[in-house]
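Chain naming follows the written order as A, B, C and D, and within any one chain the residues start at number 1.
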Amino acid sequence: MSKAIKTLAVLTSGGDAPGMNAAIRAVVRTAVFYEKRIFGIKRGYDGLIEGDFEELNSKSVKNILNLGGTILKSARSEEFKTEAGQMKAYEQLQKHGVDGLIVIGGNGTFTGAHRFFEAHGVPVIGIPGTIDNDLFGTDYTIGYDTATNTVVDCIDKIRDTASSHNRLFFVEVMGRDSGFIAMNTAVAIGALDVILPEQNKSYEDLFVEIEKGASNKKTSNIVVVAEGNKLGDSFSIANKVREHFPQLDTKVTILGHLQRGGAPSCFDRVTASKLGVAAVEGLLNGRFDVMAGMVDEELTYTFLQQAVMNKAQLDPEMLRISKILAI
Amino acid sequence: MSKAIKTLAVLTSGGDAPGMNAAIRAVVRTAVFYEKRIFGIKRGYDGLIEGDFEELNSKSVKNILNLGGTILKSARSEEFKTEAGQMKAYEQLQKHGVDGLIVIGGNGTFTGAHRFFEAHGVPVIGIPGTIDNDLFGTDYTIGYDTATNTVVDCIDKIRDTASSHNRLFFVEVMGRDSGFIAMNTAVAIGALDVILPEQNKSYEDLFVEIEKGASNKKTSNIVVVAEGNKLGDSFSIANKVREHFPQLDTKVTILGHLQRGGAPSCFDRVTASKLGVAAVEGLLNGRFDVMAGMVDEELTYTFLQQAVMNKAQLDPEMLRISKILAI
Amino acid sequence: MSKAIKTLAVLTSGGDAPGMNAAIRAVVRTAVFYEKRIFGIKRGYDGLIEGDFEELNSKSVKNILNLGGTILKSARSEEFKTEAGQMKAYEQLQKHGVDGLIVIGGNGTFTGAHRFFEAHGVPVIGIPGTIDNDLFGTDYTIGYDTATNTVVDCIDKIRDTASSHNRLFFVEVMGRDSGFIAMNTAVAIGALDVILPEQNKSYEDLFVEIEKGASNKKTSNIVVVAEGNKLGDSFSIANKVREHFPQLDTKVTILGHLQRGGAPSCFDRVTASKLGVAAVEGLLNGRFDVMAGMVDEELTYTFLQQAVMNKAQLDPEMLRISKILAI
Amino acid sequence: MSKAIKTLAVLTSGGDAPGMNAAIRAVVRTAVFYEKRIFGIKRGYDGLIEGDFEELNSKSVKNILNLGGTILKSARSEEFKTEAGQMKAYEQLQKHGVDGLIVIGGNGTFTGAHRFFEAHGVPVIGIPGTIDNDLFGTDYTIGYDTATNTVVDCIDKIRDTASSHNRLFFVEVMGRDSGFIAMNTAVAIGALDVILPEQNKSYEDLFVEIEKGASNKKTSNIVVVAEGNKLGDSFSIANKVREHFPQLDTKVTILGHLQRGGAPSCFDRVTASKLGVAAVEGLLNGRFDVMAGMVDEELTYTFLQQAVMNKAQLDPEMLRISKILAI
């Protein structure tokens, strides 16, 4: 175990995700367990640059395991993308004697962390915290499981009213570049169809599925739309469908930011706890510039650059299953 | 007890509301209890006109108490507004030997029912089923309590992320003519402000409250917006606010139809059960052209015309409380 | 408005209830609104006696509206029942300059508060916070609505498995002296029968209902049992039933303390907010030795002694409805 | 693809689990997709023996994806353990022309299915449906994820009240032979300690952890107890603890059958959908006497005998993590 590291710091960055607090708690308590000092940095890289540090202990993180959001707050920092910003950040770490940094976030967070490591050699390790599940090197990112349950719970409610009125609903879920949430919730709620960022779906394809649903006399027809799909935004998709199927009562719901909140699921809390411990132990054992993840139920460290570049791929089998079950 | 009535029918009409199934169940089982025949009519007045009747018994309504939506489906009928439509409806009732009709719904439903009673003398009684809580003659309409819990649960999730990012959120809730949902959920989630259909609120008023929130360094600022407010739709309100407070990170969420779904709350199930029994017993006791409601914990029958015309009023005290607590 | 009162204190006592935090928040912010000092007292009357005071401000109560439990913690104090204990409590109030006390709790809390007022003349006002709903002078106590939703949610889950296995379940809910939770949840989940503290139910009565359920070939038979019923504890009731109906697969579930927790419902948050404001305004207007409550949607002050002695009565109509709907 | 198989049947057996309906739906629709006939068999092996068959189609399984329990009902059959019972079952399959059987359940279900295959050569395939997660050959059994979320949700509520009263709670969760639910929920709720069937824990061990919790001045101390642990039932454990720590306010909650119910989580619905498709496709491709499972995100077929004998093992790492985080 590296004797060099005596003081750690942890921050959350980018879009918040349920389970981030569970990860913070695990990081802090593991640091305490190994008798290291641990700082919490507020508002992601902005707080790092501005020196918004607070020393934490075991008590600081009690009763946060079940809270959505992040007690450290989060932000997307423009300044950290600049050399000057990174230099200020480095100076803040020096000033507080921090010799190991844990960052919890997604793509942007890790890209920044990797550059920071390259520029200043700061021992840094990542924990995957994003509802998008789009990182290579972990089967599940923290927050993804909770977000899918939230979406499914909302669409179950929408289906109540959809069934009562024979309506066609387009429900837009989060996922700018990645269709994980859309694809899995579509199977879970028995969607008529799904529109993904990864697809080159045409309106003709969509019309065929809607036609099929109508001819099967389905009473509730729900199409799940990932926000980053290539066909268009949900309102314009719905408008095209209204033109083509004027007899259908077509509605749009955009679930929006409520997908980021809520008490984390058991799975997200357990994953966050495991990865929080693993991140601190990784740092103490000299694993830098990597992300701690779970692959095939095993703890795995993946270089940050790889985690970001080799995007996680949707299982094509899911689309096949979705079609069989929409029969 | 009127010996004339031997056969009843029940329908749901207008926007669906959680607890409609609990009311249907109560109507059906009370009819069975009094040894009457009972038909369910599908798709509201449209199904009445088209003769979409199904005879129900005690078993038909088992395991529906906890389901959102309505097993009888619902619709807003244009044809029932015409004399010809009402005549067809009357003939269908005659054909099936129905001599008492129970309608579950809101404003539009009761307006139609009253005209039907006037035109054809059909014994008809109403049960208030709408999430809007905007009927005179009952303190609570079926579905309102569940809808407020759904809204509060969603905004609790949004607040997680709002707090994590210091954002200002405009959350639009249902309520075309009535601010009950908006006003009560605003107090329940500790909103910075609320925008109601009943108010003549100006942008200046709104800006003052937002200013106050910012100066109090509130970390999560949520404004609840009723869809039928006079200031504008949520997106245009947010745009005006962005112009005036460019430093704030302003977001919009429109909760939409998920507010109509979900398992009904205990309160809505109990109210639905009471009113379902009361509607059948009212009809059998010769109470026609009225709505069964609960006023001050007492069962009350109010003429349909009064229920619809003397709109329920928001308690002005709520606005005062809301301001004190947003301090 | 009484100029005498400058400094207030608030405590929670007895069994905790969801919405107590919403009431604390309302009390604190209303005090701040009227420019009064406000102390929070920890652990109920024990903390009062021991001087466990903390001054609160508007920020102290942010982000607690949606939390179950009580941030002030609660306890049942033996010492406060003694003259010596009350004297110590009085001295603590004097020491901190408190000239108005708000107590949030139920029967025991108000009994103590009334004695305290009589003995030392301390201006005291009560807010009804208990899941039992058993106080006179308010239609709803804070926490009751949430508890009934929690029970209904749990029994909905039990019914899933009850239906899948044709089982008879006895589900024990809270209510030592009062059957409000049991009676209302029994109607809300469609129970086969209910056993209340207010009843002199015999095993013969119970067997008749079970027999009826079996002969109706009901697939899920759930009996709701209030803990304080006179027939016996749930396990011994189940054993008697097993002897009499050996062919039934009879199970027991005791919901226990989870009924006290959870995020409060919209209704409980709104009631808590109203009553918190009303308690402070009542005190400032010279209303002492009373409980603030809502009767028929109107704010009402009831003498503590009356609130405690004239127990709220179950509506006998509910039992009648329950029987009709179990048909 | 085996041309021999033209008619399939599906049943659920043993304890029910959330997601069984999603698996039934997937089985039925996949059968329809491949143009096979499909029967549903009621009440597990008992219904198989008694010929309680119903032909199903795509519509039969609509709107069941989100329902807990099993629409086919379940039972534990004694008769199917006998040769005579298996012969009757075989004759029923012959009579209905069923040449492929899908069984959804756990240990007991698969033991029976394997014997049936050996005795009569009936092509049979298993889908792991049990909340216990104790089968070899699949990382997750259907229902386990939902059950852990239900437990976590309940204990979050109990913690509200535990924190408000400084209490020590023993919460008993399901798991006769396996500690998966207990171990994972213990980490997810931040338990003080956990008592597992797989451990030889002594009272001394337990007292040490409780002592530690008390000395850390933890305000909420929750110990998760798996029902099949070797130390004793929860009430006797609590009594021993009360003797040793008379100053602690010690309570017991037994969560019981509500752990089996509720709407399935997204994860369970997706797993159930995948495995339902895989089971039918496996049978049609000549995979008999196996269970369809997911191992390391890959579809895997494991011989029923292996699935049952090589019990899934708890990850010892979890206990280590649990201790670090309870610091």
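Everything below uses one rule, namely that contacts are C-beta pairs under 8 Å (C-beta built on N, C-alpha and C of every residue); 3 or more make two chains touch, one makes a residue touch a chain.
Which protein is which chain? UniProt says A, B, C, D = ATP-dependent 6-phosphofructokinase.
All of these numbers come straight from a predicted model, not from anything done at the bench.
S.K.: Which chains lie in contact with each of subunit B and subunit C?
M.R.: Chains touching both subunit B and subunit C: none.
S.K.: When the C-alpha atoms of subunit C and subunit D are each averaged to a single point, how far apart are the two points in Å?
M.R.: Computed value for the inter-centroid distance: 36 Å.
S.K.: Go ahead and note the Å separation of the Cα centroids belonging to subunit B and subunit D.
M.R.: Chain centroid spacing, subunit B to subunit D, equals 39 Å.
S.K.: Taking the mean of the CA coordinates per chain, how far is subunit A from subunit D in Å?
M.R.: It comes to 28 Å between the two C-alpha centres.
S.K.: Residues touching two or more other chains, restricted to subunit A: which are they?
M.R.: Subunit A, residues with two or more chain partners: 156, 159, 163, 219.
S.K.: Take each protein chain as a node, join two nodes whenever their chains touch, and name the resulting shape: line, ring, star, complete or other.
M.R.: Chain contacts: single closed ring, each chain with exactly two partners.
S.K.: Which residues of subunit A touch subunit B in their complex?
M.R.: 12, 15-16, 18, 67-70, 73-75, 150, 154-166, 169, 219, 251-254, 256-262
S.K.: Quick one: in the complex, what on subunit B touches subunit C?
M.R.: On the subunit B side, the touching residues are 25-26, 29-30, 32-33, 58, 62-63, 65-66, 139, 145, 148-149, 151-153, 156, 159, 163, 184-185, 187-190, 216, 218-220, 263, 265-267, 269-270, 273-274, 277, 296-297, 299, 315, 317, 321, 324-325, 327.
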